[in-house]
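Notes for the one structure printed next.
Chain lettering (A, B, C and D) follows the sequence in which the chains are written, and residue indices restart at 1 in each chain.
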């Protein structure tokens, strides 16, 4: 598998492009702002139109439909909640697919299924368009700071053309092959590893707490001396303090992502018992009313199950 | 919870002590060598006597029984396979308990149960002796390089007296309270976190492999950009290469340790479903003949379960 | 919840109806034969037309499309593999929905999702038609012997009109309410209980075998004296003898059904960890090439995991 | 494996024996009463002496120690809580082992580990005594009604000599071989199957309840038509009504028994993931204060996890 050279801003900043952007959520909005700031010509679409007001004031054009956002652009980016939302804007009424020009590129940056990537790749190919999957690692504050990590897959020459668009949004692009779905698999498996770290800390913290040991002290030793991971450190601190609001990434989205891992495992007959276990814990969390707090609250399920919380 | 200041060698090196050492396995032998090199007066005992030959040549006295190794020392260290082995040398025939002097300290460095720590603390107290639990994080090569992390718990003044003994074996001591069993809980919960990282990588690697993505490339992205943990990096490399021999830490000992986590959870009514899952996978690994390869082979169970290996 | 009185044949046999039947698989074919034998006027559709030959010789009309099978009938039965297959014949090209008369009833007898039941109920209502969900318990030989148990849900007056159609196919109808999806939930939860019995026997048999006890002897005691269930007896015998061919119900369909349970749990935030565990085992079974043997082979996964089989 | 012919009372009632009985709990007391009523000469021991008062009034002799209960008897029965309690009365102070005559038989009727059976068999053999493991299926009311099922293992000629003792306590004896531990394995695996049925119903009931279906109605269909097991019927009724008091079999004993299954699996490298799952649920139940209610409350854990109860 080949790795793209880092898309240095020096390389790409000057090449301004016509870019469509659909989906101005907590991730999409700062990503679009960075594209605009980098000099790209931007047309945006969002179901709730008011989210686009700031961008409009900064020079973006606001489209009335996905199709309008797709018409005439070189690259169309989508950053939406899930498979259904992407299918809706691409295949639905006034959708992007028929509006997008031959030769244009759709870059799907949402965390969606490999199956959808295959479907999109085929649909765009049938229209003479290209599809690139380019999901991102990073929370909203990293999107704002242009510190996302972009995992991209698609035909090499098409990926290269995306460079000027990726550059202003992230700190690097990791190319993982010509098959778009590969990028989704990497993203999904990566989120699974993050969730697994949260689950493991949740259980370990419940264990040490029941033995009268402070989780923060425990983490200081085990992460401080052994794992030495900033992810364990930041999530561990949230969990130890039970500080799950405001949500950086909502628990219900964590459930969605572990569901994507199970689906991706299912279609290839790869059992993921740890993902199964986490799905069950996420469901309890939802049943207990935690859908909209941070997904680190997955760890609190273990505390409840040990009688430490309610 | 108070943290011990790092036991600087400048502080302790000059205070040579009479030290007993029981258990010259792959960890115990280099630990004993470092104690001897530091100038301590050492008497050692090992069931298989020949393991002590090198130490004898370097000036250690070789005892014929645990009791003989305990007689007359200020500090008695034990570094053995499991609870049963410790119980045997302390409470068994020609055992250390009656031989150890009043005022002396037993430092249990094995990965054993909190329940045993409580039993030892009571038994030693009844003899006017002290018990410190001080299990270590680190594999044999770290023991040799005096790079262990020592997690210690016991009465503060007793812990302080152990400083000159800890200093030549590790790169630091983490004190976790006055109750010896606390150190065992931290060690057990720590090993659980390491095992969980192996399990999670095993499942994630199976998933990406079934989608035709190289695990090493996947790890490069997810650990290289996000987790950034040297533990994930080193274990991930072993797993990606399926390089489980020679064993740094045998799979059967991993099973023992996850069993200790489940036992420690059980006595306090803390369910640890991820530990349960890993125990089940460890048992399959044992059933398939992998007891003596590296415990990173836990990850290979997920490959077998996905039809990727046998 | 009200229970329908058993639909006695004496009551209904004389009321012959025009019936459409879509899906002549191993279950559908004998069901259609029984309907024909009972005197109903039958039009059938199957993707593979040759499956309908025997019925045609016995007087059924063979339709060229789902729509043709639906046109002019009072009751349209569907007995298909999964949600997608049902959606295809109802909503797809030349589908049944627009062809079915106002006032007619669609009876979905497949094991499908509650979500699909809700979608079908709404779609049929919009056309002035009725939807009844009526999945069945029973394997092909029971379908042939008209010994199915039919779990039905729908508006009471509509259910009553289905009586003459249900009577020749089963030994009884269990009505579970006015909401069609309820019947699917009962069927799915019921299949989950059957799968759970297989899983439990698989693990118990592995345990006793490793202790040199014959599973058949074990089952004779525990089922013979305690559980006393014909289901445990028949599946237990298959498992003890490892006789998984020919398949009464294919393992891949078992995976589908446990997936329906997980989906039904997911939409209501009900975690089903035992279903999760079974899904993981089913996936291993698929990965090992067992998709088309009997789903009782779920039990063999536990044998493999204990090193008793490959 | 050979099966003992049912021990007909006609055969054995006349052969009165000198019998020792240790452990007069809710099971042991009615069992001892039945032995006394059958004409056996009984000496009993119980830690809480007052439990023996009724038996004393009916003619039993009350011993002051396990050893005294063992001295001079032909058969010594033990019916105690767990491995530790059995070890205590056999190997402990004033224990039964040295007091039992050469040629006498110890019949262990408790639900204990195969490992203990092996240890007892060896210890008794060394004293010229015999050991039979004969755990029972049945709750206290069945013990009272002499309706227990006795699973026995030991040397055939020794088992035969136990006939007159087994006959008045149960409705049949199931012999499972010459190795005493085999009886424990069958009992443990049997209890695992019962627990699995409870767990499965717990999850299924949570699923149907969240879909607005009455568990009792669901069970009526699935057990009434398919499983047809009196065990599902009786436990299902308790679970549907959430009637967990008074406890027929306490939840904490259920945890002990699933622990025995896991231990028996562990020593032979047989993973039992469903047992693992149930242990985790039992632990939550204990953490939530349910130790002393009926073990059918295992099912309620699934209700809590689905947000249906607290």
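Rule of thumb we're sticking to: contacts are C-beta pairs under 8 Å (C-beta built on N, C-alpha and C of every residue); 3 or more make two chains touch, one makes a residue touch a chain.
This one's a predicted model, so the numbers in the text were calculated from it and none came from an experiment.
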> From chain A, what is the lowest number of touch steps before chain D is reached?
Replying inline: 1
> Which chain's C-alpha centroid is most distant from that of chain B?
Replying inline: C
>> Quick check: how many Å separate the C-alpha centres of chain A and chain B?
In response: 39
>> Which positions in chain C are in touch with at least two other chains?
In response: 265, 269-273, 277, 280, 283-284, 287, 305-307
> So in the complex, which bits of chain C are touching chain B?
Replying inline: 273, 280, 283-284, 287-289, 305-307, 310
> Any idea which chain C residues touch chain D in the complex?
Replying inline: 1, 3, 114, 137, 149, 151, 172, 174, 176-177, 179, 181-182, 185-186, 188-190, 192-194, 196-197, 199-201, 203-204, 206-208, 210-214, 217-218, 221-222, 225-232, 261, 264-265, 268-275, 277, 302, 305-307
> Touching chain B in the complex: which residues of chain D?
Replying inline: 259, 265-266, 269-273, 276-277, 279-281, 283-284, 286-287
